[in-house]
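You will see chain A twice below: alongside chain B first, and alongside chain C after that.
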Partner chain A sequence: MDITVFKSKKLVVVGLVLLILIWLATSPLYASSSNIRLLSTILMYIILAVSWAMFSGPTGYMSLAPAAFFGVGIYTAAFLYARGSPLLPLPAVIVAACAISFVIALLVGLVTLRLKGIYFAIFSFGLIVLLGLIVQYWENQIIGRRGQHVVAEGTETVFYVMLAILVATLLVAYFLRRSRWGMAMLSIGGNEEAATHMGVNTTMVKVFTFAISATFMGAVGAIMATRWIYVDPSTAFNPMYSFMPVLMAVFGGMGQLYGPVLGAAVFAYLERILRREFPAYYMIVFGVILIIVVLFLPGGLVGLIPKLRDRLRGVIAKLRKGGQTEQHANT
Partner chain B sequence: MPILEGQGVTKNFGGLAAVSNVDFHVGQGEIAGLIGPNGAGKTTLFNLISAAHPLSSGVIRFKGQKLNGLKPHQICRMGVARTFQEIKLFGNMPVFQNVLVGAFFGTPTRISAADAAREANQALEFVGMSAMTATLVQDLTLVNQKRVEVARALATRPELLLLDEMMAGLNTAEVSEAMELVTKIRDKGITIFMVEHVMKAIMGICERVMVLHHGEKIAEGTPQEIVTNKEVIEIYLGEETRAAS
Partner chain C sequence: MIESLPSIIIGGILMGSIYALIAMGLSLQYGVARVINLAHGEFIMIGAMLTWMLSTSFGVNPLLSVAIVGPFLLVIGFILHRTLFTSLRTKAPSQGAFEGSSLLIAFGFIFIFQNIAILIWGGDVKAYSYLNFPVRFLGTTFAANRLVAFAFVIAIGVAFFFFLTRTRLGKAIRAAAQDPATAGLMGVNINWVLPLCFGLGAFLAGLAGVLLSMSRAISATMGLSYTIIALIVVALGGLGSIPGSFIGGFILGIIGSIVSFWQPALSMIVFYGIFLILLLVRPTGILGKK
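Moving on, here comes the complex of A and B:
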């Protein structure tokens, strides 16, 4: 009986996911263009948050590198998809952004993943600055022109590419979580020394997961460049694109796959609203929300669900019990 | 041929020789003990065997194969498993998953999920922990945490098991149980090499004991020979003349 319950629960989840995807995929048919742009932004944050949590969640390695690989994707588009002289069609540009991010993350990972704790966090943050400065140097000293123009893609094209990347990211994240590879990552987060003595090739697991997560960050950067049209090193390598995904994933909760999804969706929408309504204060409101989450919701939004469920059950049980004692009192 | 042997095994940490020029061997199917005062280099020697640290010089062979230059996960897959002096379980997983990690990754060939689960269950049953598979490891008592560590090591299907102070912190009854468990593991055909301070355990189950002091091997023999060895007694109890004066 448990199995049938489990199966029907799984069916409900799959059905829900499909419904949301269908809703997203058909939304350009009836939603306004500005809402589609908002949706694209939300999808971008979801991809960044999920791909960040893919590596940093189970292993406990606090990476601040998303903005670096996001920037790599942006500049890949700037090279290969420059306005007036695109070298490759859009899909090939996205694939190239994936490949370049993957390779850079692989190399960086090999060098830095022996760093632990705060040292790794600091280095991964430094990577944003480093890559930004390299690109800036190249622009100033070699081509003598600051900023690059990218082929402009339509709102709908950007949206559908974003959606495709999201589906790929979620699929990979889902299977990584469930696979033995995911278990290896968790064991690294649990105790890296013990993991290596139990036969886990920790270096390989860390480096490859880091590179896989960077792949999606690069892809999303490349498609965003076609929406922004003009990019320069300070917009491409902006640390905000590291901080936001991390905050969103923590806000949503990393215990479940849908935690970062939920966190990013709620947070990105909140950002839009707060920016419009309270442009001067929105960062303060963000800060307060985060402090509250860290202090009172260590499991994030997702961690709230079992708590609420338990409380609800407690209330129901109490009501039943109360009803019974009342009956006893009456008899 | 011994299953494990070391020649001139040396480890320097800066200017300190934690282990210096130690020759040792562990015979197939025996329970060998390693004792010595605190800081003698016992755990360092284990760390050298399991490749947590690289050797400064010397050579260690497992079944005739050189271990120098290998990574810890490779050593594990060759058939050398270990436990830790301070417990190193995966605190973010329940008991069963802890052991499953060993089953999945500790063998040289890829193992199916069903086989890994069976292996993990067998190991947990063997150490008497099958009733607590879903418990989080931090909720276990010390003795049960140590059992899970042993189960996790066994799930890697080792031929040689390194036990680092398994009895430390256990009460008398628990020590007896642990001694029984170690003998049971050996009877399965797994060679045991154990660091231990609890002399009752050493005397009770070890067939051969090595003594380390300041990183050097000073004695070797049966437990009876060791406890009557003058030098060993001096190390543990102080020199006779000083004690007398």
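Moving on, here comes the complex of A and C:
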């Protein structure tokens, strides 16, 4: 009985995911273009949050590097897809952004992942600022022009590319979680020394997962550059693009794959509303939410679900009991 | 280059003394209270902006405003740690989990403090003039406010050194830095000492803000760059060491002043380069304990 329940449950989940994807894929047919832009932004945050959680969730290494790889993607597009003289077609630009982010993350990972806990967090944060400063130096001193223009892509193109990256991110994240590789990552998060003794090649697992997660961040950056059209170091290497995905993933909860997805979707929408309604206060509200979540919701939204379910079950059981006694009384 | 070398070095030492003050605060907050306070620079910003407001609106002498700004930030820091971080620390399953969560809370502080400051004071750059006359010093010329700031930092550093090594409370703080749990068993009131250290860190950040506002332009968004400098100095000098903070601060100040003489646009890149290399080679710093 358990197996059939499990199988049907799995079918329901797959069906649901497919339905959502079909809804997303067909949405440009009927939704307004401003809504499509909002959806692209939400997808961007989902990809960033999921790819952050892919590495930092199981291993417990707090990476603040998303903005760095996001910026690498943006500047890859600025080089290869410059307005007036694009060197490559769009798909090739995205692939190049993936490859460059992957290689940089591999190099950074090889040197830094031996750093423990908090030092790694600080280093990865420093990486954003360092890359930003280097690009700024290069623009100011060597080419003498601040900011770059990128070929403008249509709202729908940006949206579909974003959707494709999202599907790839979710698939990779899903299979990573279920594989031996995912187990190895969890064991690193649990106790790295013990993991080494159990025969896990911890360095390789950490470095490659870090690089894979960076790949998606780079891809998102490249496509976002074609929407922003004009980019400069302070918008491309903005630490906010590290803080927000971390906040979203923590808010959603990292116990499940859909946690960061949920957190990012809720938060990206919230950002849009707060920005429109309270432009002066919305960052303060964000800060307060972050603190409340860390203090009172350590499992995130996802952590709430089993609690709520238990409570609901209790209520239902009580109701049933009540109903039964009533029935007895009737008969 | 050679003729201007003394002025470059002395300029670096003057700047480095403020870096040392900033780093001492962060070092207390992380070394004892175990909070990587990425909002450290925001406390500096609050100190600087308050001083600016007191000086331009109420005519308070910036050096006297230390007596207002310092205790104000000490209380805020104490309350923040006593309420948020203490409950987080007692709930956290491990030291690593606590450090990760407290880092996130510090981000929350950055958002909150910075935007409250923008609401109150606006986002533009501010400056005022105080003791801004030239003084000849060791054959070179400097603004008087920078020399005053230097003397101030040295006095604070010496006072703190003796506070930590000679007083009973200082001993309790050092014990808590080594091992909070054991210190608690030995009768140190951990739930009081750790918040106090966090408050003292905010206090030192506030003083640095006061001194910075006398000689530099300030703004509501200045915080993060000083947080980064504090992290670099702590990485240079080692965590929890006051002489280390001074050595690290002076080294960074001198390097910064040499690089900005030769190629101003490169100075932050060089800071970062040093920081990242140091983190990799020797994460515990020059004087840090293993």
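Here, the second predicted complex is superposed on the first by the 320 of 331 C-alpha atoms of A that agree within 3 Å, B and C clash if a C-alpha of one lies under 4 Å from a C-alpha of the other, contacts with A are read in each partner's own complex, and residues count from 1 in each chain.
Heads up, the rule we're going with is that a residue touches a chain if its C-beta (ideal position, glycine included) is under 8 Å from a C-beta of that chain, and two chains touch if they have at least 3 such contacts.
As the structure is a computational prediction, the values presented were derived from the model and not from experiment.
> After lining both complexes up on chain A, report clash or fit for chain B versus chain C.
Aligned on chain A, chain C fits beside chain B.
> Could you look at A:63 and tell me whether it touches chain B, chain C, both or neither (first, second, both, neither)?
A:63: touches no partner chain.
> Report for A:281: first if it touches chain B alone, second if chain C alone, otherwise both or neither.
In the superposition, A:281 contacts chain C only.
> In the combined three-chain superposition, what is the angle centred on chain A between chain B and chain C, taking C-alpha centres, to the nearest 10 degrees?
The angle comes out at 80 degrees.
> With the two complexes superposed on chain A, say which partner A:213 touches: chain B (first), chain C (second), both, or neither.
A:213: touches no partner chain.
> If you stack the two complexes on chain A, which partner ends up touching A:198: first (chain B), second (chain C), both, or neither?
first
> State whether A:186 touches chain B only (first), chain C only (second), both chains, or neither.
first
> A:169 contacts which: chain B (first), chain C (second), both, neither?
Neither partner.
> Considering only the touch criterion stated at the top, classify A:41 as touching first (chain B), second (chain C), both, or neither.
neither
> Chain B or chain C: which reaches more residues on chain A?
The partner with more contacted residues on chain A is C.
> Is A:122 touching the first partner chain B, the second partner chain C, both, or neither of them?
Only chain C; A:122 stays clear of chain B.
> With the two complexes overlaid on chain A, what is the closest approach of chain B to chain C, counting only CA atoms, in Å?
Nearest C-alpha pair, chain B versus chain C: 10 Å apart.
> Overlap of the chain B and chain C footprints on chain A, residue-wise?
none
> Could you please specify the touching residues of chain B with respect to chain A in the complex?
Touching chain A from chain B are residues 50, 52, 71-73, 75-77, 81-82, 84, 88-93, 97-98, 100-102, 104-107, 113, 116, 152-153, 156.
> For a test of understanding, state which residues of chain C touch chain A in their complex under the given definition.
Touch residues, chain C against chain A: 36, 38, 84, 87-88, 91, 96, 99-101, 103-105, 107-112, 114-116, 118-119, 224, 228, 231, 265-266, 268-269, 272-273, 275-276, 279-280, 283.
> In their shared complex, at which residues does chain A touch chain B?
Residues in contact with chain B: 180, 183-184, 186-187, 189-191, 193-203.
> For the complex, which residues does chain A have touching chain C?
These residues of chain A touch chain C: 60, 62, 111-112, 115-119, 121-123, 125-127, 129-130, 133-134, 136-137, 140-141, 239, 243, 246-247, 250, 280-281, 283-284, 286-288, 290-291, 294-295, 298.
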